[in-house]
Each structure stands twice: as C-alpha cells, then as structure tokens.
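These notes open a run of structures that come right after.
Paired with chain B in one complex and with chain C in the other, chain A is shared by the two complexes that follow.
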Partner chain A sequence: MAATPATDTTGTGLMEGVTDHINREAVESLAADEPQWLRDRRLEAWSLYERTPMPTTRLEEWRYTNLSRKLKLDRLSLLPWEERSYSPESAPRRLKDAMDQDRDASGHLIELDGTVASVDLGEEFAAKGVVLTSLRKAVHSHPELLEELLATEALPAGLGKFQALNAALWTDGVLLYVPKGVRLERPIRVSRWSSEPGRAVFSRTLIVAEGASQVSFVDECLSEDFEEQMLASTAVEVFARDGAQVQFVSLQRMGTGTFHLSQQRTLAGRDSTLDTLNVGLGGTTARVDLNARLQGPGANSDMLGLYFGDGDQHFDFNTSQDHVAPNAKSDLLYKGALDGRAQSVFRGVIKVHRGAQQTDAYQTNRNLLLSDRARADSLPNLEIEADDVRCSHGATVGQLDQNHLFYLMSRGIPRELAERLVVMGFLGEVLSRLPLGGVVEKITGIIDEKLHG
Partner chain B sequence: MPQNEVVEGLDLDRYKYHFITEDEPVFRSGRGLNEKVVREISAQKDEPEWMLEFRLKALKIYNAKPMPTWGGDLSNLESVLDQIYFYVRPQDKMERSWDDVPPNIKETFEKLGIPEAEQKVLAGVGAQYESEMVYHSLKEEWEKKGVIFDSIEDGLKNHPELFREHFGTVIPSADNKFSAMNSAVWSGGSFVYIPPGVELDTPLQAYFRVNQEQMGQFERTLIIADEGSKAHYIEGCTAPVYSTESFHSGVIEIVVKPGAHFRYTTIQNWSNNMYNLVTQRALVHENATMEWLDGNLGSKLTMKYPSCYLLGEGAHGSVLSIAYSGDGQHQDTGGKVVHAAPNTTSQIVSKSISKGTGRSTYRGLCQVHEGSVNSKSNVECDALLINDTSRTDTYPYIEIDEKKSNIGHEATVSKVGDEQLFYLMSRGMNEEEAMALIVRGFIEPIAKLLPLEYAVELNRLIELEMEGSVG
Partner chain C sequence: MSDSPILSIKDLHAKVADEDIDILHGVNLEIGRGELHAIMGPNGSGKSTLAKILAGHPGYETTSGEVLYEGEDLLELEVDERAQKGVFLAFQYPVEVPGVSIANFLRTALQARLGEGEEVDLFDFQDELLAKMEILDMDPSFAERSVNDGFSGGEKKRNEILQMAVLKPKLALMDETDSGLDIDALQVVAKGVKRLQEEDPDMSVLIITHYQRVLQYIEPDHVHVMIGGQLVRSGGAEVAADLEAQGYEQFKTPATG
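Right, the complex of A and B next:
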C-alpha cells in the first residue's frame, strides 16, 4: 500500500495528519517484532488517530493555539530507533552543562534522539526492587506491568488525537517502578536530547509508585536550535498508589524551532501526595496537557507551573483537576512572565464530580506582561457538581508592579536590575512551593539569563 | 445532619405566576420560520423597503449559521422552533390610556402586581403583552425634555433617520445565530432616545409578557443615550407555565455617547419551559458609563451575556449579574467587557444560586486590545450550592494584549455553611428563616442596586421560595 499524504477530501477530518512518513506502515514496522498485546495496542491507537480530526481552534481546548499554522506534520519524518550510547566526550555542550548542574541523584537516565542511551541506578535501590529502565527494554523485562498500565488507565489513545499518535508511534522512554514502602531521598533524573531537525520523536514515561513509597522525578529535555521544525512528543503516566508520595517535575528547555507536546496524567490514590511542576522555558511552541485525577479519598495534588517566554514563543497549558473521590485536595498555581512577542495560554478546569464531597480545590494563574507585544490568555474554569466543597480560582494579567520597582530603585538599585528582581520574586513563589534540590537554582539561573536578553 | 433535610425540602421553584388568561389574537403568523413569515411580518407592520431587506438578509444569515454547540443544551430547540408562531398581535391599535386596555389583559397585569407599581412610582410604562406594546405612557415632563420612549415600531415610523443611523450597528445580524433570527422576525420592544444633558430621576420601565402558547417573542430594543445624559431602563419578564417548550430571543442595542450614564436592568422570571436566548450589547464612548444589572430567575435555559464595548477613552462598563437555578433549570449567564481604548475600566460581579438539579454557569469575557493602556478590569464570581445534585460552572475568558493593564478574576464556590446556620439558629431563628436570611445576604450586593419595588419583589420571591423549606 502506497503512503498517501494527508488530505481531508471528505471534510470529516478522516485521515487528517496521515503523511508520507506518519502512517500505518510506520506503526506496523515499529510493532513488527513486538508482543501481540503491544502490536494490537499500537494499531488500535493508530486507527483512533486516523479517525480523529486534527484539532482546530474551534475546539475549546485548542482555542488559542492554531495547529494548522504551528505544526507542519507533513514536513516531519520519523526518527527510527537505533542503538545509541552516551559518552561524555562527544556529548553536546548544552546537555553536558545541564547535567553538570545536577546534584546527586538516586538514578539517572539519558535519552538521545528518542533512544535511551544510558541508565544508572544506585545499587542499593536496585537491590530494594526499584526499576529504572528503558521502556523499550521493559516490554521484555516487565511485560505484565506494561500490559496493564501502558496507555490504558492513565493516557489511553481514546483521549485525543495526539494521545493516540504517541500511543501508536512511541519508540522508547522511561519506566520507573518503586516498590511498596521504598523511599528515595534523592530524585531520579532524566536528561533528554534531540539533535535532528525535521524529525518527530515520540517518547513515553511510566511511573508507578507503590503504597507508601516515596520518589521524585525530574525530567529535563533539551535540544539544538533548529531552522526546520522538530516535534518532540512525550506522554507521561504517573500512578501514586495508596499513601505514596510522588513529585514529578518537567523542565522544558528545548531549542528554537521545536514543537514540544507533553501529555501528562497523574492518578492519585488514597491518602497519596502527587505533586507536579511544569517549567516552560524553551521551544517555539510548547503545549502541556495535564490531567490530575484525585481518585482516592484524602489524596493531595499540588500543581505548579512556571513559564518565561520571549521572542516568538508560544506556551499553552491545558490543565484539569479531576476530583472523583471525596476529601481530596488540589492546589494549582501557574505563573508566567512574557517578553517580546511571546504568548501564553492557560486553560484550567477544576471538575468536582458528583459525590466528591469535602473537596478543596484551588486554581490560580498569574501573568506578567513585560513587553507591549506580549499577550496572555487565561481561562480558569470551574465545574462543580457537589455542594460541600471549597473551590476558588483566580487569574490576573498585569505589568510589573510600579511600587515594587520604585521601592527598589529608591534604594539605589538600577532600573534594569530592579526589574529583574521583581520578576524573579514574582516567579520565585512557584519554586518556593516545591523546593527540590538543584532544580530551583537551575531554573533561577536560566530565567536570569533570559532576562539579561 | 439536620439541615440537610431542610435543604432537601427547600421549595425555591414554586412558580409564582402560574395562571393563563384567555384571549384572541388578531393576527397570527403560521408556525415555523421562512421567507413568507418574514414578508408577512414586515407587511403587517407597514415597514419601509430597507427594513424588509434587512430582515430577509438576516434570515439568510440565520439559515447559514449552525446551532451553537456550547453553552446550554439546545438539542431540542430545532423541533421547538418548528412549532413556534413567530408573530402574534393581540390588538390593532396602540393604547394611550390605561382605561382603554382590554379587561383580560388588565387582569393579567393585576395578577403580576403591575398596576400599583405602575401608577404610583413608575413614570412610564411600555407593557409588552405578547408581541406589541399595548400600553404606553410617558410623563409629560419627559416629553417636554425631548425624551423618546416609544415602541420599536413607532420609533421606526416616527424617527426614521435616528432609527436607521443606529439600528443593527451595535449587534449586527451576523453576530450570532439568534441575533440573526431576531433581526429577521423582530417584533415589539422599545425605542428610547435621551437628548444631550437630560437626566431622568425615575426609571423607564417596560414589562414584557409572553402569553400565547408556543409563541416566540422577538423583542428588539434600541436605546440611544446622547452626550451627558443619564437614565435607567428596566425590563422585567414573567410568563405563565405551559407544558410545551417556548422560546424567547431578544436583541438589545444601546449606544452610550460621550459622558452619558446609562443603566439597563432586567429581571427575568420566565416560566420554566422557556428557552431564553438574548443578545445585549452597549457601545460605550468617551467617559461614558454603562451598567447592566441582570437578574435571571426563571426559564428552562437562559443564555445571556450582557456586554460593554468600551470604545472611548475613560469609558466604564459594569455587569452585575444574579442567577437562580432551580430543578431542571440552567442559567448560562455572565458578561463581556471589551477594552478598546485607553484608561477604560470595567467590573463584572456575578452571583448564582443552584438548587435541586439546577445548574448555574458563569461565562464571561474580558478582552484588552493592544493600545488600551491603563485598562483595569475586575471580575468576581460567587456561587452558592444548595444540594448535592446542584451544579455550578465558571468559564471566564481572559484575553490580554496590552502590557499596561491590570486584570483580575476571582471566583468562589460554597454551600450554606453549617456554622452560619447554627449561629443564626442559636439566636432564635428557625432553619427556614436562617436559610432565607443567608441567601438574601448573598444576593444583597446586587439587590440593593435595584429600585425599591424591584428589590422588595426580589426579596419576597426569595422568601416565598424558602417557605415550606422545613417540615
């Protein structure tokens, strides 16, 4: 069968996004030597992808991000999986710098161009049953776990066009498994690097923290600057079982020319804590879909976000606080500053389902516009179907507080530095809520660099 | 929990005006909407050619536009519309004095408590019984001042130039499907002109009324507040309950010229089978102020978002909205403010109460265009939930394209607190009184802005609905 380019002749959206490279043959060749369940799962996801129209700005969730202008799927080719290894000598400067700033970790995984090139997990953790491995290898080493949890409960292909695409085309990724009661004091770090323009890379992350375990996970992605577009798609599934404590941090520092698409779903069990931090600094277009489902009574999710845009950057955060169980709490704080012609979109919804009584859910989005041409759109939504709840949300857009500036300048601080200090103070509130070793310093440093222009 | 039983028993929905008056319409258009109906309406009204063309063009737009897929559930609407009479006229002539109003219509008004309010406090009344003004009075002193308060039809006849200059400019037919529908078949409504510098102390009032079963009402109102004028317009709706679904789609256009101050108040209490889809918009010029006061108590589904387009420097717009949704009701309301000039300010305050299976939705927009420096906007939404089957949503759209602006939005959702009830009951109130008091306190910030008789009526309604809430 010859590959056909994406054309929507029927007007129904059927086959939209099917191209010379992104097509059923590609899925079939990926699945060729995989176990039956995975092959079926990929092909089913692909069928869903074919049948789902490309999202347009007519859809609420894509209202402010016009994919037909921002994503050129037909110009992208897939990056086939191949064996890669990491050597510090030949590593790209940016990646090396980023890794040098990292503090000690319980484990470290490096992914190069969609292939896991290095895994390093402390022996004492491996001995306790902690698993940190390439997802591709896990298909053979942990088939039962993957068959049960990969693209099923958290991010099934049916959730949307791009969830389906990733489920069909992922080449590698991360599996982290923390057994019952095991606590990792220092974070697990993941460093990802993309070097090839004109490519689409699909990666997945599956994190399972069993009952009363504790782990934090810092995922940092970087790339070259590209003239041609590059698409990095990542799907993240996090399970915090009863009483587990999990922190998930995504540090998005892609180069120019990249379209970064991150789909995340966190499932918080009874009395668990499942916190997330999404930091958006790089890329030309970056979209995050985060759905936090509080499915056990007493679950708690802090959802933090921080973004700083300049130039032509476009950030789009689409969050959802999904309260299914009673007595759970979620608290979201997303703050961003925008310079140049940068644009940010925050669309968040607190959804309290019937029966989720005694819910506490809060949602705050604050934006600073630093230039005349920057723009911020904010849609903090509430959908409440239980009556015994405490919910509130707030959103603001404004400029630098002139009083703050005046105060600092009256103390002899030059305007430029005073402005930087106020911006840092504004964004710092987010970081102070998740004081993870190394992460705060790293982000502060990057923003400071950006502010220096 | 004892007060849960109280809450279950609350009867906020008892329909106050459940009665039907027999009458015989003089002319009634066929069911459904088509070109023939539109031509008939225009011919019946003896309209100039341009208006017929305006209507026909709007009909084309209406047919071309898809049904909205957002907001409330409109899935039954198409079949409802097929059954609707798009035009009914109860009488041939406009009445000039109260004595000439037919007795059966008077009876309807009396049940609504209109006459007392009308004769004593109110200055001018345009009561819309079915599709046209049947009664229209205006204080002499206003006539002397040059104030025009006419039916929309008379506005077109008697002030053709002023009418044509503004009609359809605030809300173009193509704005949305229902503004297109209204533009095609509008009938009834008010035409108001306040000359420069004229200030009116007493509000202008129009009472709208739908009576004929399955009759759509397409009121159209055009208001021009000229430079430096000040006035307040009140529109109230109430309709008897019918078993089949009914439909109302109004278009309200307001031009607030430089330095003018205009307030538009709606208290909507349609029967619970009514689809109420209304477009209300004001263009607010330099240093002018527009205030929407919007109360939605009745209807099956209301979709209405009064908006202020702040076009001149220093313009101010505000939307105060209160919604009550009882069993089976959905109030999808809110407000829009568009800042398109420097130093403009706006405020939206929304309060909603959901009871039983009722659903209240706040849907709003705050948009600041580039160049609208020093714009300020503040949006506050509070929702009160009475039962665990009630639902509330908040969908604020905030679109900011100007650095030098200050925009804030806040919303809270709560239920009537046990502590609040306990406190009041420990002071000797029974549960029912305590609940009524808390709900009244919740809506008080908006109720206090209403003219006295409306505030009294609103409070009485709340009390009435709290009655029988215990045992």
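Right, the complex of A and C next:
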C-alpha cells in the first residue's frame, strides 16, 4: 500500500491503511464529546483496524478486486460532520430527479455528504412509536438501543478491516426502529448524496423491526461524477425480531470515480421474513458484503441482486447465507449484465451449521455479457454441516450471441432495441420477485436510460 | 400470378463467414407473388443456409450472384430492414428470449414497423393476437409466456407460425417447420399457413423441408430439389411424389470445387 508510513506503537500490527487523515487522532477527535461507551467502541474498532492487514488478492474473498490498485486511501481525507440542511431549491439536479421518481413513503431521510440533513416521518407512525432519525442524534435520544446493537451483534469491528474502519469513523447515518406489531404499508426511503471528491464518508444504518412488525426500507446512494476518487462506506445492520417482515433495498447509483463499500448483515429471528435487494448500477468500484444470518427457526430470507455495468465499472458481491437455526429458508438470485470492459465478481456461500436441520437454501447467479471485453466471475460455494437439508447452487455466464440478436432482428426489431429487450428480460426476473411498487419502475427506468446511453 | 416476381435469385454463391466453406454453388430461383414453393433436399444440401441468407444471418457471406426482393437488392439490407419490408423467416431452431412475453415481443416488432409518432393500438393488437392464437389452437395464456422459454419443440414451431400470422409477411420462409412435429401439430401449422394465404393471396411462401410429408398438407405450386448447394430439379407437385418413391439417391451430387 502507498499509505503514509506510520509508527506501529502497539508492536502487534502493520498499520496498513493508516494515513495522514485516516488515523487514531481522527477517531479521537470524533469521539471527543461522545459518551464513554461509544468512545470505547470507536477506539477499540480503530485498534482492530490498525492490527488487521489490508486485504490483498491472495485472500479468496478479495481475489478479483485488487484494493492496492482500486482504492487510494492515502489520497482521501475525512469529511467532518457539520450541520447541513436540505432545500429543494438548491438541491443538485441528480438528487432531485431521483427523489421525484419516488412514490409516497411512510418516511423520508436525506443525507448530504455524510450528514443527515432532513428527516420526515409521518405523524401517525411517530405516534405509534416508530423512530426514524439521524444516528448521530440517536446517540443521545436512544442511547440504550445503540449501546446494545450498534456494531455489536450484527457488524462488530472484528469481522474485518473495513467493518472496523466504519465502526471507528462513522459520522452519521440512520436509525429506524419499528415497535412491536406496527406495520408500515409504504416504504421508508433514504436518499444519500455525495458531492466532494477526494473524501471518505462513513455512514451507518441500524434497522430494528420488533416482533410482528412490518417495514420496507429503500436506501438510494447518489453522487456527482468525480475525477478524483471518493469513498462511500456504509455499514448496515438489520434486525428482524420474531415474526417481523422486513425488506431492505439498496440502490447504488453513485457517479463515476466513486468507490462504494457496503457491509450488510441481516439477522432474521424466528418465523421472520427478511428480504434484501442489492442493485448495483453506478460507481467505478462497488463492493458489497452481505451476510444473511437465519438465526430463528422458520426464518425466511429472499436475497436478490441486480447489476448492470458498462465502461470500466467493477462490481464485487460477496454473500453468505448463514443458516444457524433449523427450518429456515434462504433463496438467493443475483443477475447481472455487463457491457464495455465492465467486470463483476459474485462469490456466494451457503453455510449450514450443525443443528440447522430442514434447511432450504438456494443460490443462483447468472451473468450476461454484452461485449467481448466484459467479464464475470462467479464462485458459488456450499459448506454444509447438517445432514437433513435441501441446498442447490448454480452459476452461469452467457453471451448475448449472434443468434439471439438475429432472431429478434428477423422480426423487424432494430439491433439496439433487440439488445434492450434481451437485457430487460434477463434482469426482469429479479425485479418480478420484488413486490415493491415504485421501486421496480424506478430501477427499470434507470436500466433503460443506461442502455440508451 | 401477377407482374414481376417478389423474389429473384440469380447464380447465388455463398460460404460460411470467416471460413473457407462454400455452401451454395449457384442457386437460381424465382418466386412469383402468391406462389408457394418448396425446396427439398437431404441434410447438408444448403437449403437451410439459403433461407438464413435471405433473412440476413451474419454467419454467412455471399461471394457472388444477386438477390432481388421486389426489385431491390435484398443482400444490401439489414436484418431488421428485410423483416420490416415483409420478409419473414420461421426458424428451424427458434431462440429463447427469457423475460420477454410473446405479446410484448410482437408488439415491439409491430411498433418497429411504424413511423415516428405512430403507435400500435393496444386493443386492436390484443384482439388480433387472440384471434390468431385461436386459429393455431393456442391457449390465450400463451401470450404472456416468455418467448420460447421452456417451450416444447411443437410449441416453438407453433409460436413461429403465430408470429408469422401477426406480422403478415409478403414472403414467408419456413425453415424445416415440419421437423419434429407430430401429425396433429403439423395439421394445425398447415391450417395456419392456409388461412394466411386466404387472407392475403399475394403472400408468397418458401417451404424448406427434408420430407415430402408436409407437402401433403400444404400443397406447393413448385417443388425444387437442392443437392450440393444447387437446385438440380424443379417442377410441380409431382417432383415431391417422385422423391417420396425414389429418394435423393437418384440425384448424383454435382462435382464441386
């Protein structure tokens, strides 16, 4: 790494990824006015970061994403938290357009350059005890909840280098709490915007859906196009308590020059449904680590993914279907289309722990290459320690071939339109499994736009 | 039969693109408006290649000769342009298009034929599609299925005829539509083609087949025999009957370079 040499004061680690800006002083200054528990948590996370080597392509999980080439941490500075407000008049066009496409929501939160600038939650939900707030504010308004669940059970710093980094340096984010039995018909929406090149932004999301509650959460990330690199790191922790129904959707639509790093962990309780959709459309490099843990009997997780890359975009999805409890089900479908010199990596593991009998776990990754120079690597994997399970996995990488196009064109459909039909048809399978009005139309529109481009 | 032929092929030579494999060695053929022609031949004789070249398949290259379609140089046109001008190829092996419904597919194809600002009328389209499906004994739910995705061989062939019925070509090329069909399915397909010819007596049809069987249901005006990339015999329906009795062995493969 090209990181600024730093002294290893502990003598136990390598200090890789410690730079002029990303260092212990930065963590200490962030934590200065915070409660003791949080200060301790940040500093402990930072120590773990210092001691953990930077992942290299020698690691199976990073084999196809070369961080030393793709992430220039030493050129990034931190974006300090500062009070920001949102006004529609001065909002960037791209952000405004994205929000105009949204249908009604139960609540809406806007984050600008790492600071929550606006929160709008329907009164009837607030009255029922639903909490939608800035994570920074929640440190004071909901200290017990955060102390218990922030970077502890779901995404503790010990999980890895970048989990540690985010836990040490997050400046703001989202807390969504849905009390027992409360059901929100329309989704909660989050719109995030990044405008500063050369910066690293760290944000966290904590979603807690109590027993028998129901909520959908749609998180959209947008940014300017940058000449210099910009890093957006998000850590997402989702708790679906017994019988809860949760949908988490991440719409990654960052501009060029961005490195999007998203760590997600979903914990599904007894008889709960915890579905996710990761959509990768923007950014130059985007890495998603998703661990879906089925920890209550009868839990169910549909895990959907959709990506469409062109130019020199690079997507890396690293998923895990982690079955701890018996009688649970997970069904993963990730599909991607790649044009230009775009590249995708899908690495998925189904892990069935001893005792997780009667598990149903399925995993499918399909890729469609639209150009000779595009590339997709697919690495499905099974680790099964229980004996009474139903599991399957499959991966394909196909080409939009001459015969396909010839067939459509022989019906009078022009080449460009033929390609669009095939791509839309291919990716549409993922969206058809998402019963979330508005979001499907939005994604379809974005893909269509990209195909036209 | 009216004025000039819809299709005129003169001394057509063709090969596999990017390879030195010659397939057609001087094909001559004229098809008049409203005529039904059949080209019969054994496997590898070049009859399917001819159909694909007429539709514009990028896997083949014409090395000499000419093809006029309604007086225009057909080989100069893009695949989609040929279709928009009325050429239709019913595929021997139809391609699967997952996630695209038959209705959407056909509507898109019809829309592509219209000028800017014109729109396919959705209600008319729906009516038309259902009517055509009924003729072909197809369940209405078929319209919402993805094109050829998971279809049986017979369903795929039927779907080809459905597309032909909706797109209403001036020149229909049917590439071994009969292969793999049982008698019932064959009769349905034949009925469909006849209905189309009744609706548009000017529609010309070129049937490519290995077997004489299909010609009992769709009677051709002209039958040609293709061997080794050339039409070695042409005549009326009696040619097919003769082939049925004597087989392809009676024709010696012409010496090729």
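General observations
Rule of thumb we're sticking to: the second predicted complex is superposed on the first by the 431 of 453 C-alpha atoms of A that agree within 3 Å, B and C clash if a C-alpha of one lies under 4 Å from a C-alpha of the other, contacts with A are read in each partner's own complex, and residues count from 1 in each chain.
The rule is short, and it goes like this: a residue touches a chain if its C-beta (ideal position, glycine included) is under 8 Å from a C-beta of that chain, and two chains touch if they have at least 3 such contacts.
Note that the structure is predicted; figures quoted are calculated from it, not measured.
Contacts of A:Glu429 after superposition: chain C is touched, whereas chain B is not reached.
In the superposition on chain A, no contact is made by A:Leu43 with either chain B or chain C.
Put simply, more of the residues of chain A are touched by B, taking chain B and chain C as the two choices. In the overlay built on the shared chain, the residue A:Ile384 is in contact with chain B alone; chain C does not reach it. Of the two partner chains placed by the overlay, neither chain B nor chain C lies in contact with A:Val119.
Legend: residue contacts after superposition of the two complexes on their common chain; A:Leu408 is shown touching chain C, with no touch to chain B. By the touch criterion stated above, A:Leu421 is placed in contact with chain C alone, chain B being left untouched.
In the superposition on chain A, no chain A position is in contact with chain B in one complex as well as with chain C in the other. On chain A, the positions that touch chain C within their shared complex are 402-404, 406-415, 417-418, 421-422, 424-429. Of all the residues in chain B, the ones that touch chain A in their complex are 70, 368, 370, 383, 385-415.
Against chain A, the residues of chain C that register as touching in their complex are 55-59, 78-80, 82-84, 88-89, 91, 94-95, 97-100, 104-106, 108-109, 112-113, 146, 163, 167.
By the touch criterion given at the top, residues 60, 354-355, 357, 367, 369-399 of chain A touch chain B in their complex.
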